[in-house]
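Residue numbering begins at 1 within each chain, and the chains themselves are lettered A, B, C, D and E in the order written.
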Amino acid sequence: MKVGVCDTTFARVNMGAAAVDELRRHASVAIERYTVPGVKDLPVAAKILIEERGCDIVMALGMPGGKEKDRLCAHEASQGLIQCQLMTNHHIIEVFVHEDEAKDDKELAWLAEQRAREHAENTVKLILRPDALIKEAGTGQRQGFEDAGPARH
Amino acid sequence: MKVGVCDTTFARVNMGAAAVDELRRHASVAIERYTVPGVKDLPVAAKILIEERGCDIVMALGMPGGKEKDRLCAHEASQGLIQCQLMTNHHIIEVFVHEDEAKDDKELAWLAEQRAREHAENTVKLILRPDALIKEAGTGQRQGFEDAGPARH
Amino acid sequence: MKVGVCDTTFARVNMGAAAVDELRRHASVAIERYTVPGVKDLPVAAKILIEERGCDIVMALGMPGGKEKDRLCAHEASQGLIQCQLMTNHHIIEVFVHEDEAKDDKELAWLAEQRAREHAENTVKLILRPDALIKEAGTGQRQGFEDAGPARH
Amino acid sequence: MKVGVCDTTFARVNMGAAAVDELRRHASVAIERYTVPGVKDLPVAAKILIEERGCDIVMALGMPGGKEKDRLCAHEASQGLIQCQLMTNHHIIEVFVHEDEAKDDKELAWLAEQRAREHAENTVKLILRPDALIKEAGTGQRQGFEDAGPARH
Amino acid sequence: MKVGVCDTTFARVNMGAAAVDELRRHASVAIERYTVPGVKDLPVAAKILIEERGCDIVMALGMPGGKEKDRLCAHEASQGLIQCQLMTNHHIIEVFVHEDEAKDDKELAWLAEQRAREHAENTVKLILRPDALIKEAGTGQRQGFEDAGPARH
């Protein structure tokens, strides 16, 4: 199995490195790293990773800024990532941390790494242990901050 | 007939299980279950269910959170589900429950199950009894909360 | 000529029936009816009508609710209908009536039927009498409520 | 060279006629006219003009109303026009005048014609004199109201 | 290597010229220039540069106005540029400067040139030195105004 990890120079935390480290803890996989300037460059990077570099699944990591304009960039990037998945029939796990989700730089760094790591686990499950995800269906999982949990206790 | 049922670990109610149960009450169909992390992972899952696992129709179930950012995720997922249908010429019944549609966890659990079940009925009609839907045209049907009914009484 | 008429069980007026009735008044055409649950199911229904059931043109009729969430559904459906047209090189006449366009149920019923009928005329013109539309270019035509008319009197 | 000119019956000014007149002043070109009900019908009309009627370039002219709902229609139409260009590798010059850009009907009529005429010039340049556009790069050109001009005087 | 540089006559600064100048400082590359009226014309121009004029990568430069309507145009253009990249598997570096990012014409001119130049560097790195970008992953790079820097100091 080969996992593509694409991230950005715009992000203020090395989310790609955290993802790579966590992937290696959970599975013996080949990893292809690809860094682009910003989140809007991620969709085509993911497509190249899948179609030209043989990746079975891709993690796309980014950190949009906190302004309205940044939210729109993230929206465009997300649409592109979904479109890319539909064109390739491969999953791309989007790992975006919005700068305004955290109260300060310290929490931002923690959140970005934590979310990257938890989504690395999801990435491995999607490819190698899909039944593990079916068991978690409807349980209110979150990545980074704590789980919401099921509505029925 | 084979029905794909894809849902998420993000949802706080096991909507996929409710859909499967209801589908079995209405028709003798094969069912393929697929669970992904969140709603933005549903479009490609639906495409894989149709193109690689032979499903004739798919139910895509999810529960977006109540924040602005969550609404945007749901919007992106919906666009992807429509695009997927256009690429495959197969119906995907979207069953989304927004967390803020319900006043508390108890109602949320009821609403999510109820909507999943009523859309399971629609799914069976679309494939096996399309004439039943023509008879309901313009009658203000709703899934979950009560029907709006026709404008002319 | 074969006209596809797709509408929804969500709508509170039988817009499809009004469209079919009006189409028959203006031209001798075969009609294929297709009813789906909601507006987001219309794009793929229109595509199936064009590609699998031989329709030359399609009318897609729906009645989005008055809430913000409903407007977003209508937006997604509209994008899908445009995409479908680009994929097939066939026109799809969108006939949407937003529930909040009318002041009460009575006006809503009138508006939905009237708009369906006037767009049925446009549908026939697009296929059989395109020159009739060129003659109306820039004249401020509206469907349902009264025409806006030309800016120069 | 063949230029497609598609416009709408919804517009309150005959923008298509103005475009055709101006195109003829600047170049000896064949012109194909296509009128549709509203702006959301323009993308497929443009595609048909390019793929089935041999147009080298298309002008798509429309006049969205001033309400929020109308702005959304224009947005959907614009997305479709861009998608159409990407599918065909042909330019489509969008000429939209929003009804609320003008203070009264008289200015609206002037603006719609003026913008149509200035974009007709751009259309000819794109096909026949691309170097003329390179010379104008970054000079703050506008169509209709006066140019913004370069930031450095 | 051949780099496409497409820009607009709408912009108030000759961003294309700045990009060309900077590209030449960093690499010995062939350059293909393409100027269009506005940002919504950029996606198809970029596609033509890639598919018909042999460009390996494209810079798409534009300057949307400061009004809501302009922001929507930029959004549509951005979506088209992402879609174009997915259709061609080639990067397009979007360099947009919103007129309201700068406090006056002087700063606007400086910002537009500076951003064009810094993205020209990114363009060269993406094609010739992808490892240089991996080294900058998560370091909070910005183009134009000063870098945000990493969250961990």
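FYI, a contact is a pair of C-beta atoms (placed from the backbone, for glycine too) under 8 Å apart; a residue touches a chain by one contact, two chains touch by 3 or more.
Please read all numbers here as calculations on a predicted model, not as lab measurements.
The set of chains touching chain A and also touching chain D is given as E. Listed by label, the chains that touch chain A and also chain B number zero. The copies chain B and chain E differ by a rotation of 145 degrees on their C-alpha atoms, rounded to the nearest 5. Taking the mean of the C-alpha atoms as each chain's centre, chain B and chain D sit 40 Å apart. Centroids of chain A and chain E (each the mean of its C-alpha atoms) stand 25 Å apart.
Listed for chain B are residues 79, 83, each touching two or more other chains. The residues of chain C lying in touch with chain D in their complex are 71, 75, 78-79, 81-83, 85-86, 89-94, 98, 119, 122, 126, 130, 133-134, 136-143, 148-153.
Chain E meets chain D in the complex at residues 7-17, 33-37, 40-41, 43-45, 47-48, 51-52, 63, 65, 69, 72-73, 76-77, 79-80, 83-84, 87, 105-106, 108-109, 112.
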